[in-house]
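What follows is a structure written as structure tokens; I'll ask about it next.
By written order: A, B and C. Residues from 1 in each chain.
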Amino acid sequence: MLDGLLSFFSFIGSRTISAVWRLGFAARFFGMLILLSGSSFRRINLTLREIYFSGVMSLIIILVSGLFVGMVLGLQGYDTLARYGSEEALGVLVALSLVRELGPVVAGLLFASRAGSAITAEIGLMKATEQLDAMDMMAVNPIARVVAPRFWGGVISMPLLAALFSAMGVLGGYLVGVVMIGTDSGSFWGQMQASVDFQRDILNGVIKSMVFGIAVSWVAVFEGYDSDATAEGVSRATTRTVVTSSLAILGLDFILTSLMFRG
Amino acid sequence: MLKSASNQVVFAGIRKILNTPSNVSSLVDLRDLRFGYGATDVLHGVTLNVPRGKVVAIMGGSGCGKTTLMRLIGGQLKPKSGLLKVCGESVPELDRTGLYALRRRMSMLFQFGALFTDMSVFDNVAFPMREHTELPEVIIRDLVLMKLHAVGLRGSAQLMPSELSGGMARRVALARAIALDPELMLFDEPFAGLDPISLGVIGQLIRKLNDALGASSIVVTHDVQESLKIVDYIYFLSEGKVVAEGTPDEIRASRDPWVHQFVWGETDGPVPFQVPANPYEEALLGAQGA
Amino acid sequence: MRRTTIDIWVGIFVVIGVLALLFLSLRVGNLGSSKLQSPYVLQARFDNIGGLKVRAPIKSAGVVVGRIDSIALDSQNYQALVTMKMDDRYRFPKDTFATINTSGLLGEQYIGLEPGGDPENIEPGGVIKKTQSAVVLEKLISQFMFSAAEKGNAGDK
């Protein structure tokens, strides 16, 4: 009994210590990544390639999901607003929910599972097949050559994807609200423009998506770089990327929202 | 397969542009080198040296610290104590910049080639040149084709690594390893998992490229027969120590029981078949009492 | 070969991403509509501004003629001091009457200007003397509505 309890506590303790250890390594890794980022911009082709893989390849899922989320918002919003006789506020509801919250958050979650997991798997596989070691032995720093371009590719793609998601969502809301249900097009756009503030709503939304982009890309490249060099290790790292970055997005979203919209 | 005379001129010429060869007679010098992961020691004082221009094999059973030794020489691991000099420079004392400068003069062939899977064969071989030189693309193209020709794979330049067989991948990796005309080449298990023909090809390539480049090579392997054909000197490693050494002829004639067992692949000898354990009878009969 | 196809896709991606941002800023947000040409400043004091917010429109006869630049509490007489940026094309007489109105039930609050008959106009930087505050009932309704619509964001700033 006492033995079981003791081993339970030592299990908790060792897990905590290793978690803190990993966090410290992740922070040091982030520092190295930033320091070694010069070549990602000097040799912009490397980064362009990664924007292609994380941004362009995520376009379809982002555009389609944005459209559907906007359409659902249009339907649900209309149903709720119609009870209070204020259908003309539909545009405001759709736009504010998307620009402030759903755009950055849902696009971030999709980005984490589409691009983040791919980045982790790719780097993890390169590690497992000794490609990173080989590069290091050729006097090419793998963090500068492999990790940094993927990180910056993700950081650059994410805000653009979130903006596309929101824009598609507004169009989806318009399709449902105005084209299908038939609320007034003028008040849909007019009320939206009167209530959505550039600085307060749109700029804050863009800042959110930038922060999410940094968080997801960081988690993805770190999990890949830190994965066990086996097939199983890579698959576990990929799962961890999706879980960790999704939690990071939601947690950061709460912090950012409370900073932005309460102060 | 290899026109060494004409290639030698090209290779030596490029090396002069990239770096000046050091004038130390022994390229790799290890004295009483110790290394361990945590508390367990992997190497207990290894002494060996690799003269310029020679091919040296390090042999031993699985898990005797061969690969570790390789990584120490490449500077990927730091030893606990002892002397470790490569091209006259003490590897453990180098900072990252110094280490990278040294690594430009050596190259390493990994066990399964470690080709970059997202690049074609051509780009794989061009990779070190593009990273380390400012050569125009036209010249890089010619150099890459020359290197690929040297390993007999010029026709496969546009294939992706996933389309290659194991032996071909190893040859591409070899072409990539000689891309910058290294002074020292490290081969980690170059023969592992190859059919006899590919194995012979790789063996001959190692020897010929080493001579054409005027480089020195270390081959870590447990393939005795192939290595005896191509190398100049052999070190036998067991449990983190050098247990025997000599030229291939000396090794073949050796009366040392350990070497004899290893060379002729006998199952029992100084290296026992059984992993140390408690007595057999006790393990079988004692279980009833437990 | 592949290099150029990647380049073109990344180019397309960045262009439509920036277009989406522009769409959000100009069509969804108020960046496009808030460009006032060489604005001038007017001020007005209200006893109670209700749910009036910075950047809310100033309307006269339903036409947007300016936007609220800042709202502060005048600590001398405890009135709200509202600074407005007015479109340079429109001038208002000295006895203009400023009221705080609400557009519709759910709509936002704005300042309505009703010009009087004074032949002289207010100078830029001047103060509108005649004002009417937001009525308490309206404030209550607006607070209720805003809390329903924006989850407690009413009363900010």
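Methods note: a contact is a pair of C-beta atoms (placed from the backbone, for glycine too) under 8 Å apart; a residue touches a chain by one contact, two chains touch by 3 or more.
The shown structure was predicted, so the numbers you read here are calculated from the model rather than taken from an experiment.
Under the contact definition stated at the top, the chains bordering both chain B and chain C are A.
Of all the chains, the one whose CA centre sits at the greatest distance from that of chain A is B.
Taking the mean of all protein C-alpha atoms as the reference point, the chain centroid lying nearest to it belongs to A.
Note on chain placement: the centre of chain B and the centre of chain C lie 74 Å apart, centres being C-alpha means. Between chain A and chain C the centroid-to-centroid distance comes to 33 Å (mean Cα coordinates, whole Å).
Chain centres here are Cα means. That of chain A falls 43 Å from that of chain B. Every residue of chain A that touches chain B in the complex is listed here, in rising order: 122, 125-126, 129-131, 133-141, 145. Only residues 45, 48-49, 51-52, 55-56, 59, 84-86, 88-89, 92-93, 95-96, 99, 157, 159-161, 163-164, 166-168, 170, 189, 191-198, 201-202, 205-206, 261 of chain A touch chain C when the two sit together in their complex. Across the complex, chain B meets chain A through its residues 74, 76, 99-101, 103-104, 106-108, 110-112, 114-118, 127-128, 131-132. Of all residues in chain C, those touching chain A in their complex are 3, 6-7, 9-10, 12-14, 16-21, 23-25, 27-34, 55, 57, 104-108, 148-150, 153.
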